[in-house]
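Next come two complexes, and both contain subunit A; in the first it sits with subunit B, in the second with subunit C.
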Partner chain A sequence: MKRLRFNQQEIVFAVFALLFLAFSIFLRGFLTPENMLTLLQNVAVLGILGLAMAIVVIGRGIDISLIAALAVPPGLVLQMVQNGHSLPASLLVAVLLTIAFGLVNGWLIAYAEVPSLFATLATGLLLAGLGQAALFQLDVVQWSDGMKGFERLGQGTILGIPTSIVMFAIACVVVAFLLRQTRWGAYIYAIGDNPYAARVTGIPSRPIIVLQYVVAALIGCFAGLVMAASVNSMPTRIFNSTLIYDVILVVVLGGIGLSGGRGGVLNVVIGTLLIGTMLNGMTIMDISYAGQNLVKGVVLLLAVITDSFLNPRNEETAQQGDI
Partner chain B sequence: MKYAVRTAKVIAAAFGLAVIGAPALAQQGLDEPFQKPFKEALAGKTVAYVPVAMNFDLTEGWYAGLKKELEPLGVKFEIRDPNWNTNAGAQAVTSLISEKPAVMVIHNPDVQTYAKLLQRAENEGIYVIQINMGSAYRSSAFVGANWIEIGEKDTEAVVKACQGKSNKIAIVQGALSAAASAYTLKGVENVLAKHPEIKVVSSQAADWDAAKAKAITQTVLKQNPDLCGIVGFWDGMDIGTAAAVKEAGLTGKVFVATSGGGERKGACELVKSGAFDLNMSYDVPTQAAQMAGTIKWLLSSGAKAGSIKGSEYTTLIPITKENADSQTACWNLSDLKK
Partner chain C sequence: MRDTLTSLRYRYWPDHLLGEILSKRWTETAIPVILLLIVGFALSRSIDHFLSPASLADTARQAGEIGFIGLGMALVVIVGGIDLSVGSIFALTDFCALYLLDVLNWPVPAVVVATLACGALLGAVNGVLIGYLRLRAFITTLITLIIYRSAFDLLIQRYSNSIAAAFPDIPSWNFIGGGDVFGIPSVALVYVAIAIFGHIFMTRLRPGWHITAIGGSRRSAYNSGIPVRRTIALCYVASGVLTSIAALFFAARLGTVGGDIGVGLEVIVLTATVLGGITLGGGKGSVAKSLVGVLIVLLITNGLTTLNARGGINRMALAGILLVAAMVDIRWQKNRTRIISKVYVAPTYHALPPPPATEIGQGGPFEQNDKLRDVELIGLGRIEAPEDVILDRNNNLYAGSRHGDIMRFFAPDYQRMEVFAHIGGQPLGMAFDRQDNLYVCIGGMGLYRIKPDGTVEKATDETNRSMHSVNDDSRLRLADDLDITDDGLIFFSEATVRYEMDEWPIDGLEARGNGRIICYDTKTGATHTALRGLKFPNGICVASDGQSILFAETFGCSIKRLWFAGPKKGQVEVVMDNLPGYPDNINLASDGNYWLALVGMRSPSLDLAWKMPGFRRRMAKRVPVDEWLFPNINTGCVVKFNEQGKILESFWDLRGENHPMITSMREHRGYLYLGGIMNNRIGRYKLENADPNFVQYDKRWGKLS
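So, the complex of A and B:
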């Protein structure tokens, strides 16, 4: 007799559906088109970051430095424009900085073979420190007149849909295409599933790993630009916040195993939706901060516990490096 | 005889030399007896500054202002930057106590953490000046904003703007652990107690984070499009609050009141653009000058540390459309650093 089995993705989706249903029935003003758009808008940046993290995690790595890539290059754009440089030149410098940052990450992990957790922990601190010490005058880099027009990246609407949602959707499509339609994407899955087998079969695993971190950093920078445009400033202190845990949460909760080789864009979308629904519902209910944390913790614990009951780990599927 | 000669000289000086412009000879200089002990009391002394973090308008402004006032007098001005880490801050204060500077200028992260340490420092003979965020221990001096007053003023303005409208307001708090946030909330409550007609539809903490403030405000505005005012707790965070109001097309309809240090880009520019309707500024350069004055007074007084205790609450500057253009309402960090 075949036992009924769910994977984490389905469980999280079920939790999301239940929560959504409950809020729709019991919470006045939740199930309105406007509120749905707000819900998505509020988690769009988190979702974009989740995509960057997903690419790295699928390749059996982790990128703790993502928030530095979100904060520093976009902050540099705002600071340079404030100091009188032109917007295109500032953007170019920021993109070059991001690529250089991704290359350093990738080189450390692929060639120097430093574990990704430690390598990105250190480089993230380095980049954030560099920003604080040398690039920015103040923690919060303010919008200036030279940035005029650029705020449309994060504010306003395109065909009635808030721009940041459109940006999230575009990022989803691009990443899905990269992962599923290109050879490069297939290589990432192969490396994540079994790095040694991948190398033996002739996959250029080291350059691919470098590429992963460069792409992740670029997506992080993109998320930062959307965020800066949406709040008209870049609070670079966000590096010290717990945002990176939320990003990892979105990825893992959505069902992308930290052991690599599994999952895709859909998982990130589901994880993002669950977090977004919880945050939105609790804001409408005006639940206190402590209460919100409590609810978040309980829901996440439930999802993880259910998963480990339904899909117990065993010697066969467990891999070294599982967290 | 000598006297006569001198008199003659004086007369000559008065009638003759005065013409070619050397009146100094006419009079002996008078030594002011207190300036030398003042200079001696300050020269070579160490003042240590422990903010919660550098790199933001308030702490950079205080630093620049204190440096400008103290270094010409030969005071060594040291800084310990805990970068938002409360433990690192406590360690910095502890190690400072053993290094025995003459004065410690302390910006508390919360009410409790440094309280005992500051008391110990004053027992060891170090003057402690607490700035903007005080601790449970009352030290030689407190220089800073009265958060309760800020909460009251902001809320009064919002209540006034709500007259004849929906009377629905929202509150965007800072971090729950921060005393500044809790005190401001008390001020808000004080005013709301007098105005039972006002309904608070949302009162949440955004952790001093602009993105969080924006997310909360967006949701609140979708649920209550007839909201008439928002009380925000810090302008650096309320950029997000204002962005949400602007996106909802409600700028001018929803009154946004906030507070901050009055730096031009973060305060006056945003009031001018219509993002904020009121920004209560605690004018950082004035605060820095008051701190420097207190340090000079304490060091030259010779009073025993902890034997006298006083407070200097900052006079708030309400920044509105009317004065946002003026040169004096706000300050520029770049000018202060010169």
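So, the complex of A and C:
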């Protein structure tokens, strides 16, 4: 008899479905088209960041510096426009900064062989510190007249759908294409699955790893632009928040294992939906921010524990240094 | 002139120290310590009063608090995990202490106990999840970070006003927060006490070793029966308790519960841990490393704050240092063994005059012949690597084997063979004492004694440590050959203190006096080093006068005499030098002279290379080990020499097919028994004109009546 086994993705999806069902039945005003759109809108930025994180995690890495990439280059755009530079020039500078940042990350991880957790922890601090010390005059960089028109990236609707959701969808399609349809994507899966085997096979693993971090940083920057456009400013102190932990949770809960080589865009979408549903439902129930976090944490913990019961790891197969 | 300069340079410049220092484990801690000194020096130059007592006490207070959390993080990282929830645990336990004290008005001791229990509980949640349920440490502590933080946020929303309104004035509480003993803050004292305990715990106690073992290889630890799950769980509990200690001191010092307490603390502590050199992934780390890391981080952040640097600069400095430290650490871990193996070999100058002639037709005592061509073979294919052979008074033959056994061949025909004793290491030189005990030098293990019934006992495996050596030379690395004096002193040679047994040719390339002669007293059981600085001392034989020993220096190509008694006690005299080969074991001959085995003959290439230390160093650095010069051990011979060092006779085997190499020989009842460390056989050669009743045992200890 075939044993019934679930993977984490299915468990999380089941949790999501249950939550959604429960909220739909018991919460007045949850299952309305308006609320559904609000729900998605609120998690769009988180979802885009989740895609960036997914690319890195699939390649057996982690990128703690995403929030810095989210905050600093877009903040630089706003600041430069405020100081009188043209929007295209500012965007170009920001993109170059992002690419340079991704290259530094990638070089540290691929060539200097610093564990990705530490490399990105440090480079994130470095970039955030750079923004704080040299680039921005205030913690919150305000929208200026020169940015006119750019706010459409995060506000308004396209064909009746809020723009930020469209942006998330575009990002999903692009990342899915990269991962599934290009050789580069296949290489990422190979490296994440078994880096040594990938290297022996002749895959240029180091350049591919560098590329991962550059792409992740660019997606992070894109998420930052969408966010800035939707709130008409860039609160650079967001770096101090626990947003990065939410991003990791989206990815891991969605079923992209931290040991790499598994998962895809669908997992990010599921993870994002779960978080989005929970947050939205609790907002309707008028639970405080801290209370929401508490509930979120407990639910996540339960999901991870359930996973460990259904798919146990043991001392024989656990990887060394696999934290 | 040039040779003189080279010889002086290599005699007095200690080349070998670099490799020995680098191969010490403490050099890993040295890098962060040097960084700490640099940071401390730079800050003391740029900030006034940086080293004033008040400023130092303030730093010590903060260092103590972060230090506790650093210890917890170090423990968890060493066991192979990570604890991101320390910041939130810190906040929660801080709240717990202040709530109990200010709102519920508990007495201070109860508050302390309850707070520690609270920390243990919060840590236990992590521990159960990660240890027993085997969740991933990173993701689990990430989730508990969020849960604990939101719990804290909920709690302070309700109670922060009542806590802020209370001003407890309890002496013991104030002492925890701001008290000091002789100017040393209370927190620093507690930290020192716990750090000392932690050091002993990690380095000397069984649970500490378990922790390191699990971090080093979880699978092996599990398979060797270590309670992996419980140990891991307890590490997280300990991390929680240590964090709550820090929170107690913090609560007593500041008495506030601001919303951002402990936010980002995990990053600071993690930075400190990595800076100190505690390797992520587990298995390596120490209390000292944790302390050094915390001090570096704290000095930098405090220094930059004092210098009025903007917050961003502070962050960048921290991040930059974290990156550089991680890179240096990783490069070092990765290339350590390679670097050490390159710099460890430190050749020195060793000049020998041209060797005496050995070719046929040249005459002289070493003139080659073919006497050993047709030696009888014993145990062909049944024994491996008999370095030394010996016969007891009942004519039985003993030889060591590569597998760590002493084999016994029974007289009279030596066909029957048995394992006399199993020791485990490769037996080298052997000698019988007066009570029929067989003493054996075991390479890598020391001096062992085998009783007549075959039981094995360790005689000694250590000697006194010399004051000036960097390598720990108290352990015996390569005990080689021995002999026993009438008074029961055992003199044995240790060929080298710098290399293991399988690396003996490298010691020959180095040609440094790395060996020594050690004396073990069978009466007192004491061991001491009799003579050091010898070039691969090998064979040892008590001379006929009973007051001196003869010993061979293999790579010194000489035989020397050391007086251990009589008027010349302690003196060393050269008996023979500039031998044409590398001398090995020495033994008594029936006519009162001595047998000497030459394990190999000198070659012009190595003789020349010995005069060119720079050449050999370049070779060691640039050429793989397999392609290094190797002393010739293919051809050798047995010679007989007398008390004055005159060669009387030599025995050669021109073809080297029947009995390929010779490391030792033993005369017994008119025959010469030959051993060779690379051979799978023992040779037996009938001597002309030898005393047919000569038994070495009887000669040394008297005939059995």
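Just so we're on the same page, the second predicted complex is superposed on the first by the 315 of 323 C-alpha atoms of A that agree within 3 Å, B and C clash if a C-alpha of one lies under 4 Å from a C-alpha of the other, contacts with A are read in each partner's own complex, and residues count from 1 in each chain.
Assume a contact is a pair of C-beta atoms (placed from the backbone, for glycine too) under 8 Å apart; a residue touches a chain by one contact, two chains touch by 3 or more.
No experiment lies behind these values; they were computed from the predicted model shown.
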### Query
A:Leu121 contacts which: subunit B (first), subunit C (second), both, neither?
second
### Message
If we overlay the two complexes on their shared chain A, which of subunit B and subunit C does A:Gly156 touch? Say first, second, both or neither.
### Response
first
### Query
What is the contact status of A:Ile248 with respect to subunit B (first) and subunit C (second): first, second, both, or neither?
second
### Task
Classify the contacts of A:Gln132 with the two partner chains as first (subunit B alone), second (subunit C alone), both, or neither.
both
### Query
Does subunit A have more residues touched by subunit B or by subunit C?
C
### Task
Scan A:Asn293 for contacts with subunit B and subunit C and give back first, second, both or neither.
second
### Query
Is A:Leu301 touching the first partner subunit B, the second partner subunit C, both, or neither of them?
second
### Task
For subunit A, give the residues common to its interface with subunit B and its interface with subunit C.
132, 240, 288-290
#### Entry: Residues on subunit A engaged by subunit C in the complex (per definition of touch)
108, 112-115, 117-119, 121-126, 128-134, 240, 242, 245, 248-249, 252, 258, 288-294, 296-298, 300-301, 304-305, 308-309, 312-316, 318, 320-323
### Query
Residues of subunit C touching subunit A in their complex?
80-82, 129, 133-140, 142-147, 149-151, 153-154, 157, 217-219, 222-223, 228, 263-264, 267, 270-271, 274, 280-282, 310-320, 322-323, 326-327, 330-331, 334
## Note on the structure
Given the complex, residues on subunit A that touch subunit B span 29, 32, 34-35, 38-39, 41-42, 45, 132, 136-140, 142, 144, 155-156, 162, 227, 230-233, 235, 237-238, 240-241, 279-280, 283-284, 286, 288-290
### Contacting residues of subunit B [partner subunit A, same complex]
53, 55-57, 60, 83-84, 176, 201-205, 207, 209-211, 214-216, 218-220, 222-223, 236, 239-240, 242-243, 246-247, 265-266, 269, 275, 333
